[in-house]
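Same chain, two partners: chain A is paired with chain B first, then with chain C.
For the complex of A and B:
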């Protein structure tokens, strides 16, 4: 049971990291308030199921769409800003959204919101069922991102990330694509929030605070920005790390923070990013296997 | 027949005016150059034509359309190609992907393939390196790629910013020859250049810009024999 719960939590982080990666990795926009959208999805679905009595399964796509729309509007307002200005603006958005959750009566204000456990064909959802749901969502998200990267849209995002000015001189509506990436990323975060709310059965404004945004960014950066494998690896690593370092008790945050500092100093491209220490060695091993295979075949021919 | 005309264009960065009431005319089929020293506002001017820099006042007409407030990506769709200063190729994309980005506006795959192949014919070097990341190429190769990327869009007007910057002399000559050939094939070209000596040999007409003002406007031939130009830019 403990492992399943940890696994669901890690899976939620994987989805968050994958979705944030669309914005900061593929579109290259420094968004620092991802947890806000995670929260918007969580509260949207919680309102639907627990206050209005609508099915959890309907609340999932609604949370996705509502968060996507809010993401698009906020994106339209802020995406014209560049780099550090966008970062500060999105941090501001995060604080405002958390404050709204904390002070609005409909969101339970400072008492938080109790979320009723959803039913799946008449049975109350158990942790393994959540794990399955999360796993399916992760697979779908990966397939979607993969497809996106191979499309014109993905190529356009790559060009924007490389050089915005050159991209717009080639006929690419830079702002439109940035907002689109922002919308997609926030929508997936909203969907994740809906699952999170019903898995935890209780949500509180600080679950979606700025510190959570920072954790998600750390996952993407540590794993390897701009890659699917990096985002997943980073989320699993940093998601599991607090559990692994539990024996260090009060010192685990020091270890966690220290890891981040060391990473940025020695592997800024992330553990699984291009030309990282790990990827270099993996490709070396593969090259060796290939060589041996090739050698074996040659020997056979002789 | 006018392809591009700037009427009393003024541009400023914050409080500082860098372009003051500049009017430029480029006719269809011409190769026009804007020469001037560093900091005269040449790059700013060409960015404004592409739509990458807002202008404070004045008017920009392209092919009979007022494009003064049109965003850059729409101008690209109208057939304005841009080769930026310092190349600015997409370093983390391959050569082929860079060229594909160039044909973003045209969704016809056959046409795109055709246009990319034409670029490969023009620059065989790019074909050899088509699967290489752009950032791993030499400056000259990147310049070829930057020109090629602007060409797949089938531009009617090509804006070129400092093609000679940071290139070895032999590449500079190659690039200028290619620009001349492109112009001969019917593309109208506006070149902004510090290397006045070279560019005035291929251009039809030229403007000399100094601290945001057009100070001389004449045919390239006359400019080459103009005493002021000779002294300031041709080093003789």
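For the complex of A and C:
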């Protein structure tokens, strides 16, 4: 049971890291308030199921769409800003959204919201069922991102990440694609929020505070920005680590912060990022194996 | 001769600075027009106005009779105005091949729908390889753009410009900062485009180069056109000598 709960939590972080990676990794936009959209999805679905009595399974796509729309609107407002200005604006959005959760009666204000356990064909969802659901969502998200990366959409984001002026000289509507990337990333975060709310059965504004955004960013950066494997690895590593090092729990943010500083200094591309220390060595090992195999065959021929 | 581009009474003011101040210019179909002038004359600003990076303060720009001033850069690219940048702007973390493929996708960037369309289809990759071959980048095609030298990045910019199948190619100092050897290679490439009947506007500081490559030259100074004509006419123009050639001579004396 304990293992399943940890695994669900890690899975939620994996989804958040994958979704943030679309915005900061593929499109290269410094979005620092991802937890806000995680929260918007969580509260949207909680309102639907627990206040209005609508099915959890309907609330999932609705949370995705509502969060995506809010993400698109906020994206439209802030996306013309660049780098540090965008970072500061998105941090601001995070604080505003959390304040709205904290002070609105409809969201339970400072008491938080109790979320009713959803049913799956008449049975109350258990932790293993959540784990399965999250696993399916992760697989779907990975497939989607993989498809995106092989499409013109992915190439447009890569162009924008590299150089906005060059991208526009190739016919790419830079602002439009930035908003679209923002919409996709925030929508998936909203979907994740809906799952989270129903798994926890209680949500409170501080679950979606700026510090959570920092955790998600740390995962993407530590794992390897702009790659699927990096985002997953970072989320698993930083999601499991606090469980392994329980005695450090109070200092988690110091560890995250310290890690971020170290990564930026020594491995800005992340542990599994393109041309990182680990990936270089892995490809070396593979090259050696190939060589040996090839060598062996040649020897056999001779 | 048919007109490809016409600039009428163009003004681009930045506060009190009149970077371009009442400029008229015509580029004919299939010609190579050189824009020369001292630093700060407004050459790159002119490019940026034509390509939509800047919205002109006043004046008009026509591309084949269509009024285009104030359009966005991506719209100008789709209309067939290709450009290279003075400070080259490769897509650094993707391969040379992907850089060219990205340019070939010019009409595919439609929004969410473009998620469903695969970018590296065989015919697209073949087309990209053909352009890469033409621009002499074949051996670097799988290298990331950040791994190749400036001379090859300049060619990559030209390759990308070709990939959007342009009506007009605007080259912003393609030879700046290159070795003599690399300069000759870029010139050969530009001459090749010229012989294929492409319409080219070239900003080039180096006078011998622009004299060699261009059919006509327009000389800018303080945001205005002070002379226009064949390279021979320009060479003999006293105003040009004073504003441009004279200045260079002084530099040589001082040096």
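The rule is short, and it goes like this: the second predicted complex is superposed on the first by the 291 of 302 C-alpha atoms of A that agree within 3 Å, B and C clash if a C-alpha of one lies under 4 Å from a C-alpha of the other, contacts with A are read in each partner's own complex, and residues count from 1 in each chain.
In this text, contacts are C-beta pairs under 8 Å (C-beta built on N, C-alpha and C of every residue); 3 or more make two chains touch, one makes a residue touch a chain.
Because the structure is predicted, anything quoted here is derived from the model rather than measured.
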item: Partners on chain A (chain B, chain C) - clash or fit; value: clash
item: Touching partner for A:202 - first (chain B), second (chain C), both, neither; value: neither
item: Chain B versus chain C as contact partner of A:174, first or second or both or neither; value: both
item: Partner chain in contact with A:3 - chain B first, chain C second, else both or neither; value: neither
item: Which of chain B and chain C A:147 touches, first, second, both or neither; value: second
item: In the superposition, chain B vs chain C on chain A residues touched; value: C
item: Partner chain(s) touched by A:85 [first = chain B, second = chain C, both, neither]; value: neither
item: Which of chain B and chain C A:158 touches, first, second, both or neither; value: both
item: Where chain A meets both chain C and chain B, residue numbers; value: 152, 155-156, 158-159, 161-163, 165-174
item: Chain C-facing residues of chain A, complex; value: 147-148, 150-156, 158-159, 161-163, 165-174, 176-177, 180, 274
item: Interfacial residue positions of chain C with respect to chain A in the complex; value: 51, 53, 72-74, 77-78, 82-83, 85, 89-94, 98, 101-103, 105-109, 111-112, 114-120, 160, 164
item: Chain A partner contacts - residues on chain B that touch it in the complex; value: 50-52, 71-74, 76-77, 82, 84, 88-93, 97, 100-102, 104-105, 149-150, 153
item: Of all residues in chain A, those that touch chain B in their complex; value: 152, 155-156, 158-159, 161-163, 165-174
